[in-house]
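There are two complexes below, and they share chain A, which is joined by chain B in the first and by chain C in the second.
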Partner chain A sequence: MTTPDSSTGASRLRTASKSRRAEMRFAYLFLLPALLLVVVFRIFPLLWGFAISFTDATGVAPSHFIGIANYVQAVSDPNFRDSIVNTLFLLATLPIWVALPMVLAILIDQGVPGGKLFRAVYFFPAVLSSVIIGSIFNVVLRYDGSFNAFLGAIGIDAVDWLGSSTTALLSLLAVQFWSTFGMGVLIFLAGLSTVPKDMVEAARLDGAKMWQIWLHVIIPSLRPIIEFSAVVTTIGVLTSMFGLIYVLTAGGPGTSTTLPEFLIWLEQGKLNQPAYAAAISMMLFVIMAGLAWLQIRIMSRNTNL
Partner chain B sequence: MRKTTLMVALAALVAASPALAQEITVWDFKSGDPSLAAYFDKVKNDFEVGHKGVTVKYVMQPHDQYYTLLGTALSSNAGPDVFLMNGGALAKSRVPSLLKLDDKAGGLIKTLTGLDEFKGPDGGVYGLPITLQGHVVYYNKKLYKDAGLDPEKPPVTWAELQKVCEAFKAKGKVPCFIMGNKEGYGAEFFLSSIAATSLTAQEQTDFASGKLKWSSPQMKAILQAWVDTGKAGWYEKGANSTAKFMDEYEGFMRGDGANTIGLLSDVAHWKQFGDMLGAENVGAFRHPSPTIAADKTAGEPKIPIAGGIGYGVNKNSKNVDLAVALVEEFAAADPIKVFVASAGVVPANTAVDLSGISSPSLKSIQGWLTTSVAPTAHANSSSEELEEWHRQSQKLLNGETTVDAAAAALDVVQAKVKPQK
Partner chain C sequence: MSEIELRNVHKRFGSVEVLHDVSLSIEEGEFTVFVGPSGCGKSTLLRVIAGLEEVTGGQIFIDGRDMTDEEPADRGLAMVFQSYALYPHMSVADNMSFGLRMARRPKHEIAEKVARSAKILRLEELLDRKPAQLSGGQRQRVAIGRAIVRDPRVFLFDEPLSNLDAELRVQMRVEIAKLHKMLGNTMIYVTHDQTEALTLADRIVVLRAGRIEQVGAPLDLYADPDNAFVAGFIGSPRMNFLKATAKGGKRLAVGGIEVEVPIATDVGAGTEVQFGVRPEHFDAAHGIDLAMTADVIEQLGSTSYLYGTISTGEAIVAQRQPGRNRAGELATLRFDPANVRLFDADGLRIR
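And then the complex of A and B:
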């Protein structure tokens, strides 16, 4: 038997449930544009690229399924192999990419004189596009550029920074580092604001030296930030150097500054081989995902210890 | 009643207007260039006046993605009615999508040169060239005089060119050649300039088809010349980090180098250099070669010539006859005369009156066009071979590889893109 009270309660519940459903519908409606954008511009191109990587598509003639031939070609392609070696070289410098911004951020956080100015100056290059940065350093680093003029003034012979295979990749690396480390400093500064000040103070009162405080208090507290910075830097090195390469070295001399993303553009944009470019893109995607996963695993394990 | 009639007439006009108005779409990578506006405007205006109700619509695409976009559009039957092409391999690879023009534009074809670069495998003409493209060496007469050389007697043999470069080296002020090889284009132009004289006509054909290997003695001689000239100090230091477009040419116009391998049309040509240095201070010569082909004569170098750029008609166009007429308009003498005057091209149309242009370089080039031309080797190479040549040329210039190793790497690419039976 239904009492008036229970009937009112059920009715209220139904109304509340109805209202929640209406809210959910609204929520889905609000989410829809973002979801559509992700599906249309992210998921679909990824699946499309994956699909054409198994074909001989050129954009001109009808395409055919060719299995893993493009992947086999990539493995035997000396240019792709060189691009991977160059990438590994860049990744080997990852500790510097993470450590230097962290050290600078700690120094600023400790209140070195002019800290605010340094923070602004470090961040400034991050707001410039890679093409502008490339154009600036093209003038600076070319053989008759200002850097060689400076070296000449102090009695050092000029170096073809961008035209020699021994220096071109290092030069690119230096420019990329210069243009992005400010962002790293900001990320670490944000992380430092979460380090408990009482722990630092307690360590100081216990007689810990500055380097001991850094090593045993601050840096362990920054582990999640280090992990984040390492992943972001790795992805950045693998996917955001195209503009610099295009403007500064065009991938040369030889293949000394060719990275996978530049090779993808070359195969797609200049050689009209979209299927092969898609296969390299997929390989790059797998490498990036694998590296990011590995880094997170290692960092998580260390944190658990 | 009158109002109703007017309304009906207006509605009929609106309904009929799409059928009456016709639009011819032209794809190119040039029409947005302000220096060429006079030419494109003249073609459009003249054509629209001569063809009532027809509108010409230019769609400029970025050059570095032009052929990818064009290929995609043509393969999906969404291509333009008319499109611009570079002569040589790029035009020939589009022949399946092009309308044969021999019968439709026969009269105009008789007045054009550079047609070979727009011919299909059946020998038919599939595009009308508007300019000629090729390479000569431009030189700075003032710098020649400074180095104690006679500016009116440019070198015609390899030995003479060596002496010129030794004179500039001895003077120590500017390099003999200013060279931009950051993207490998310096080596590309060098290859064609030397091959024009060092390869026979048959060898040029064989190289284009892949029969003549990069490791053949003829091709290796070109690679060796590239290495030797680098070692001899003909080029400025940092050539591999200097962009040909436009760092090299800006350097030449500043007087930072005595010679440069330039173009006949588009950019880096007689007009651009003449405007900057003074037409009387710029000379041109044909690049001599260290080896002379059996069908060539010593002291008579050839210049590599290709059919510059030209227009073709999409065979799937819904307005084929209008499209053909527009292509003829693009290549006609009157508009091309405007093109020459404003942009400094060497025209493919022999009927164009050039008597008003006083450039000594252009006069020299015009003389050679009838007697001293050869195919442009790099225009007949595949894109894959050229990319590999760009890479190998940089390594050769840096001394990071040998001629044999570079030729072997190029052979691999050539065999892949031009397999031989």
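And then the complex of A and C:
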């Protein structure tokens, strides 16, 4: 049945969808600058890198398509292999990167004396650039540095922390950890503030001891934070240690502190092999994406919250 | 012997005194309700009994033993929180068995207790669900189930129905009353809702600003309040308080008329007193007449509420049979002087 009412209703609907389309156009207009930046500085270089990774480009001579030769070279390149082994070593310490900030945050949250001071002190390195941190630890950790002087004072022999292949990577790890764990503490503190106090009290009334409450009530509630922290730390290890490596060890001695990121810079900037560097970048990209996916899969097992 | 006895309990948060010298005994099997406006200290009192807050002074005895410094879990209590406080990552069954599992009780004992509690609360179908998959009422039942599994001597409820909608609240109220009949445990229940207090309690403890105003059976508090605060808090709509002046003996001038009230002691002439009459006592067959201008009439079907003023300009609420009055017109209220409650200037009852 057609009534005047229904026809005005339909026209109103048309007007609504028309104005909605106009609104969408307007929204895209606002998104455009950001979108342009992403395309020009992220998507395009990514695709460009992907393209030249199949060539012998050097940036000066004309380039040729050489198939997967760069990838084959990478797999058999001992430097690349070492950089991956170094990365795996760092990633093996991931539980500590996640657990220690969490434990410290729980302690601060329980109200240990001076908690606020600790929070500020822990966070302080996060505002320093990695070059400054690297310079500080160059002074502290070098053979005649203050750390060895301190060890000497308590009767321990000096160690060449940055110059020995057995300790250089560990030293690098320690410095990176020192400079980032404060952020982890802060993230966990934010997470802890969302754990309902009632729930902890209910567990106390249920007779759970403090460690049981941590293990069975508080930490499971922090699961999203743990996931986040693990992913961010992994990405950090893979992509933001360049500054420290550059200042502290320059990838050495040998390849003992070379990570893929540093190797990419080396091949691209120092050895003038942009195509080969692009191939390594692509492999790093795939590894990172794979790791992130794996972590999320593992973490979200058995949850249907 | 009392199940729970509080002796001179004080609680201070910094410089703020939340509980002032509270002494109270609660008998075994009794359903006690702590009621009062927000900030009166009723929840703090419950948490002090639970051991979640330490007392600043005084002692707490449970079943004759001094429990003042005992851990919450060792007091033989279970508590149901307003927010339910369920563990979101555990199934209903795991939520209920958490305490037993932490105490490493044998598996068959855990299974048995969870099954019994689930049966009482009709949760059998929901045991594998997570709290997020339950409705508010179901979550509340799980929280109560978790309390039952602990086999406590005493159940503590901290405003358990506040997060539920009105209809469900009435339903759960009845369920909690049934549960008390079935289990027979001592229960302490905190609410700011006087209807919940009146319907559930064997005894009500009315609190204000950290002090106990009166303790008594619901009808005793309603009929025989110790002070104007209790008289006003218990009963809905609240009691009308009119200014009155004593005329000597038992005679009072109030609302433009003179009334003789049946009190035991005379009030000195010229003394200012508060003259309290409940809205439901203005429809008496015999008694004293008082004229009222009704501004608004709420028709509830079975009854009507008249909101208006009397000749002195004082506001008044009266409950009447439906259909007898119209808004804007004069209504004649009739009350029996026996239903008048008098309070002195400090709000204390004159009997």
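Keep in mind that, in the parts below, the second predicted complex is superposed on the first by the 286 of 305 C-alpha atoms of A that agree within 3 Å, B and C clash if a C-alpha of one lies under 4 Å from a C-alpha of the other, contacts with A are read in each partner's own complex, and residues count from 1 in each chain.
Just so we're on the same page, a contact is a pair of C-beta atoms (placed from the backbone, for glycine too) under 8 Å apart; a residue touches a chain by one contact, two chains touch by 3 or more.
Predicted model only: the values in this text are computed from it and were never measured.
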item: When chain B and chain C are modelled together on chain A, clash or fit; value: fit
item: In the superposition, chain B vs chain C on chain A residues touched; value: B
item: Partner chain in contact with A:Leu35 - chain B first, chain C second, else both or neither; value: neither
item: Contacts of A:Asp144 with chain B and chain C, given as first, second, both or neither; value: first
item: Touching partner for A:Gly207 - first (chain B), second (chain C), both, neither; value: second
item: First, second, both or neither for A:Met199, with chain B first and chain C second; value: second
item: Contacts of A:Ala27 with chain B and chain C, given as first, second, both or neither; value: neither
item: Partner chain in contact with A:Trp161 - chain B first, chain C second, else both or neither; value: first
item: Where chain B and chain C come nearest after superposition, their Cα distance in Å; value: 50
item: On chain A, the residue positions that both chain B and chain C contact, one per complex; value: none
item: Chain A residues within the chain C interface of the complex; value: 196, 198-199, 201-209, 212, 216-217, 220-221, 223, 303-305
item: Complex contacts: residues of chain A adjacent to chain B; value: 58-62, 78-79, 141-144, 158, 160-165, 168, 249-250, 252-255, 266, 268-272, 274
item: Residues of chain B that touch chain A when the two form their complex; value: 64-65, 67-68, 71-72, 74-75, 182-184, 236-242, 247, 383-384, 387, 390-392, 394-395, 397-398, 400-401, 409
item: Touch list for chain C against partner chain A, complex; value: 50, 52, 71-74, 77-79, 81-83, 85-89, 98-99, 102-103, 130, 132, 146, 150
